[in-house]
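Common to both upcoming complexes is subunit A, partnered first by subunit B, then by subunit C.
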Partner chain A sequence: MSITNWSLISLLSSSIEQCKSIEFMPLTSTDEYKVYCCCEENIYLCLNILEIKPIVNLCYSFIFSKDYQQDNQLNISTRVLLCYITECLTSWNIRRRLLLSRIINIQEELQFLDILLNLKPKSEQLFRYRRWILKQEGIDKVSTNKELELCDRTAEKHFINYASWLHRRWIIQYLNVNIDEELERNRLWLENNLSDSSGYSFRAHLLSKKVLDENLIRNELNMNDNMLEFYYDRESLWIYRQTLIFLAMKFEMIDKKQLLNKELDSIKNIQENFFSNKYSRLLNTLLSSDGKQFRT
Partner chain B sequence: MKLLAIFVLHKEDDRKVRILQSEFNLEGIGYFQQRIVRESLVFSARTVIERTALGTRRSVEAYQNVNGKKNENTSVRPDDLASVIVHASVSPDGLASVIASDSEYPQRVSHTLLSQVMNDFTNTYPFTTWVQMEEQTGKLASLSESLRIYQNPHKADPLMALQKDLDDTTDIVINTLVNLKWSW
Partner chain C sequence: MGTPQRDVKVNYSEVQKDLLIEKHCAFLIGYGRSHNTYEYGATDYLRMSGIYWLCTCLDLLHSLKLIDQEHIIDYIQKCYDKNSGGYSPCPNHDPHLLYTLSAVQLLVQLNRTDLIDKQSLCSYIKQLQQDDGSFIGDQWGEIDTRFSFCAVACLKLIDSLDTIDIDRATNFIMSCLNFDGGFGCIPGAESHAGQIYCCLGFLSLVQRLDNLDLSTRNMLAWWLCERQLDKSGGLNGRPEKLPDVCYSWWVLASLKILGKIQWINREKLSKFILASQDDETGGCSDRPGNIPDPFHTLFGIAGLSLLNTYDENIIRKVNPVLCMPEYIIQKLEIKMQLL
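The block that comes next holds the complex of A and B.
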């Protein structure tokens, strides 16, 4: 790579290291000079969305070239490339190697991932890399609160964020987080983000980890009732109610017919809409077929 | 669910709308995108009020990702939950208020807040004063307070705890910004 190109990439890399937030916006270049990035107050970095191609080509040609590459050069070029293209597995693997040879510092790398996650909240590779790093660190050094806060943030930024909720499930299992506390946190989060089906499916996952009993399911149904009073036309609430009913039907002790009839009654109090009708049809089918039609 | 902005405006006629006061809550939106989001919210507020008749209320969906990007590659479904909804209410004497929220925020609570904001504004600045006001000279202190408190509709709105019936809300129709027609 020529000296000018290399100094461009180094400059980008050091600004990325220094800044606390990165965004992509169209910036205008003139004939005299090309604008690649803009930095304000030393913490906000803005990369030019119209000049992605040349930078990415430069980085790619360096990383995949047949010449020998020095480690710190690889560090710099992968760092730049990953801001533009988060799913480049080769670059992540290069960084894994650099981390193992201690050229990259773990804490700084976690910081870098934080910033990238603000930029691309739904990136599978990012989360996978983060999990790999956390495993390298060892359980006692990982901060649970920070990880959970990160999951919250990315789940809010991108609607139905599969990668984020998967990471959360992993954290709960890896760090042995208390399930009841997590149920409470999840309830508060769902109050603010009602339509997020991933949040509800995570809640069902938490419930499955506990020893199920009638009271638990009844509490959940009551909470769902309260929500349905105001938000009767949100699909995610109805689907969650369906999940709860199926969970309840698994019990041997519970009187299925009574439960289903009680449900049909309680729906009549809610304003009629597409989802409530669909739900009543489901309940009627279950009642008439003794639940054998659906695999539980 | 969050509220992005509250505006208080004065509608003289269908061509002249002045923004008397505006408050924004754009945390969570990137630093450079905040400028753009602010401008487009101001534009939507002005346009919606220009095309809303005196004494009516409406909620309009503006196809725009809450994070400031336009809908690029998503196939635009009408219930795309990432769009901004603009709730507007114009009183018969020309005072108007607008709230920009995301699509999760309950519509009824935002319209309650709209009426409350207009009442507060009229109490602080009586009719004769705000007719003469210049752009952006309103200084109602409670506006930013209300924006902050109403971020959580469950705590802020007493009616959420009771059954819902508002007596002075008639049909609130959701239109898209494209379908807004001139109101004469």
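The block that comes next holds the complex of A and C.
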């Protein structure tokens, strides 16, 4: 661990701080010097995917070195490491302590997380840390739109993104977001991402928060009909339909037999395929089920 | 007719059909020794679980003796955090409930429970339980049903389940049950095969599976066996995801707890797991053709064990709740509920 090594990590850290986006790509080193990164106009930072190992090892050696335990040094070494190894909980914990002692500024840290989330849109630890910070910041300072936009972005970047939709559920609850407005946003989002069954699962979650009646379920089924007319080969649409039926069957008031028979009729209008066959098998099972013969 | 489901194409006429036991053992042992490689440093943050995957898999393959057990015991003790009573994944790292379970599983497996400070371990776990019965994984505190499972599994292995409030812990698990019959990581979160395993495992260990009524059990088992993909025969963890060998564990073990493992097409799944072996290096990957790792190797072998594809002389029987060799669970006389 030499001074030059520390300068390298410091340099990387300040590049990460200044840049608006980060990416990993292979860069060519020469005999004379190794290329660790390439920075363009303080906007775009490219980290060399071929030189990950020495940087990670250096960061770890600094993070756990007796001589580099000052707050500003830990801020630097963990910032760099987390770009490379985002799931390293211990490094996030170090940053939590730095944030509590006000070495790290909340707004700057949220910005850092924004950029990292573009790089690692499904990182569980990143989202957990973000929620922890938002709780530190206090409920009135959190920007609902910013968080919802971040959820949209990460959900689009990574298909069926569990961590992103979990964050969204938390935001809705924590900030008491209006469910009807959220249902409308979700409808628009699904129009462009109709194969995303996590998006549909979230929709069902929103519905379950409302006072449900047969009309509401019927409207959802109609919307699903319209989609199935064009996209009958998308599994997500069929699974959502199944979920709606399960949801409907939760109410005592609904005549289950009538509901299931009506369903069996209505899917006859849709072109038959692998999913529709599976779905009608389920409906028939639910109709005839005595609780024992669920599947043969 | 016949719309394709999101799946991978496996050319079953060309893939590996035999179980490569010796190669897997060599792969696993080599992994434990690869201290100089990048992969080794990059996985520091979960190393304790890595060692558990490796040792459990070797044990299932009757080959635990091939590894330096003293070295591992030494490592575990270096990861013990006296202040909290928990274990970290790697020396210098922070302790966490996830790695505490791995450490306890290892010490039980290596027959060194004498090294566990039961009292501090119990108080460590107890202070992670929240008022609503849920568990946080560490002092920074996010709640997850995975942590509930880790807590009761640890306590069960040291015969101290009464340390925590089981009624409230059970109520929390039940509050994570969704209307599709699945479980998520917190109330209202999307159903996920991994979380379902944790919740069913929890209910099995505290012997409260009766909380699930008949129709919920059926619905849940339906959801689980829908995870088997038609073409490849592999299992996914959620709808529309690609098949992944590790779900051969999470899904199968859950179905085993529910007494419905026969709902899975055994032959097709066995073929998929065997096709995911790397016939050059040994080890299993997430799906055929990818790079193998100890995580998928364990869950592939453990899946084959649950499917009874091979005789016990080849793969030992695995316990479906604790993912440890059954002979150890029998020896300790640990009781759990299976439907």
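To be clear about the criterion, the second predicted complex is superposed on the first by the 286 of 296 C-alpha atoms of A that agree within 3 Å, B and C clash if a C-alpha of one lies under 4 Å from a C-alpha of the other, contacts with A are read in each partner's own complex, and residues count from 1 in each chain.
The rule is simple: a contact is a pair of C-beta atoms (placed from the backbone, for glycine too) under 8 Å apart; a residue touches a chain by one contact, two chains touch by 3 or more.
These figures come from a predicted structure and were not determined experimentally.
S.K.: Once chain A of both complexes is superposed, is A:21 in touch with subunit B (first), subunit C (second), both, or neither?
M.R.: The first partner, subunit B, only.
S.K.: With both complexes superposed on chain A, which partner does A:44 reach: first (subunit B), second (subunit C), both or neither?
M.R.: A:44 contacts subunit B only, not subunit C.
S.K.: Between subunit B and subunit C, pick out the one touching the greater number of residues of subunit A.
M.R.: C
S.K.: Looking at A:202 after the superposition, I want to know if it touches subunit B, subunit C, both of them or none. Which is it: first, second, both, neither?
M.R.: So A:202 only meets subunit C here.
S.K.: Quick one: is A:193 in contact with subunit B, with subunit C, with both, or with neither? Answer first, second, both or neither.
M.R.: first
S.K.: A:88 in the overlay: touching subunit B, subunit C, both, or neither? Say first, second, both or neither.
M.R.: Touch status of A:88: second partner only.
S.K.: With the touch criterion stated at the top, can you tell me which subunit A residues are shared between the subunit B interface and the subunit C interface?
M.R.: Shared contact residues on subunit A: 195.
S.K.: Across the complex, what residues on subunit B touch subunit A?
M.R.: 1, 28, 30-33, 67, 81-82, 104, 106, 152, 154, 160, 164
S.K.: Using the touch definition from the top, list the residues of subunit C that touch subunit A in their complex.
M.R.: Touch residues, subunit C against subunit A: 1-6, 38, 41-42, 44-46, 88, 92-94, 96, 138, 140-142, 179-181, 185-186, 188-192, 214-215, 218-219, 221-222, 225-226, 230, 238-241, 263.
S.K.: Which residues of subunit A touch subunit C once you look at their complex with the stated criterion?
M.R.: These residues of subunit A touch subunit C: 52-53, 56-57, 60, 64, 85, 87-90, 93, 96, 128, 131-132, 160, 162, 165-166, 169, 173, 195-198, 201-202, 204-205, 208, 232-233, 235-236, 239, 242-243, 246-247, 250, 272-275, 278, 282, 289, 291-292, 294-295.
S.K.: Going by the contact rule set out above, which residues of subunit A touch subunit B in the complex?
M.R.: Per the touch definition, subunit A meets subunit B at residues 21, 23, 25, 38, 40, 44, 46, 118, 156-157, 159, 191-195, 230-231.
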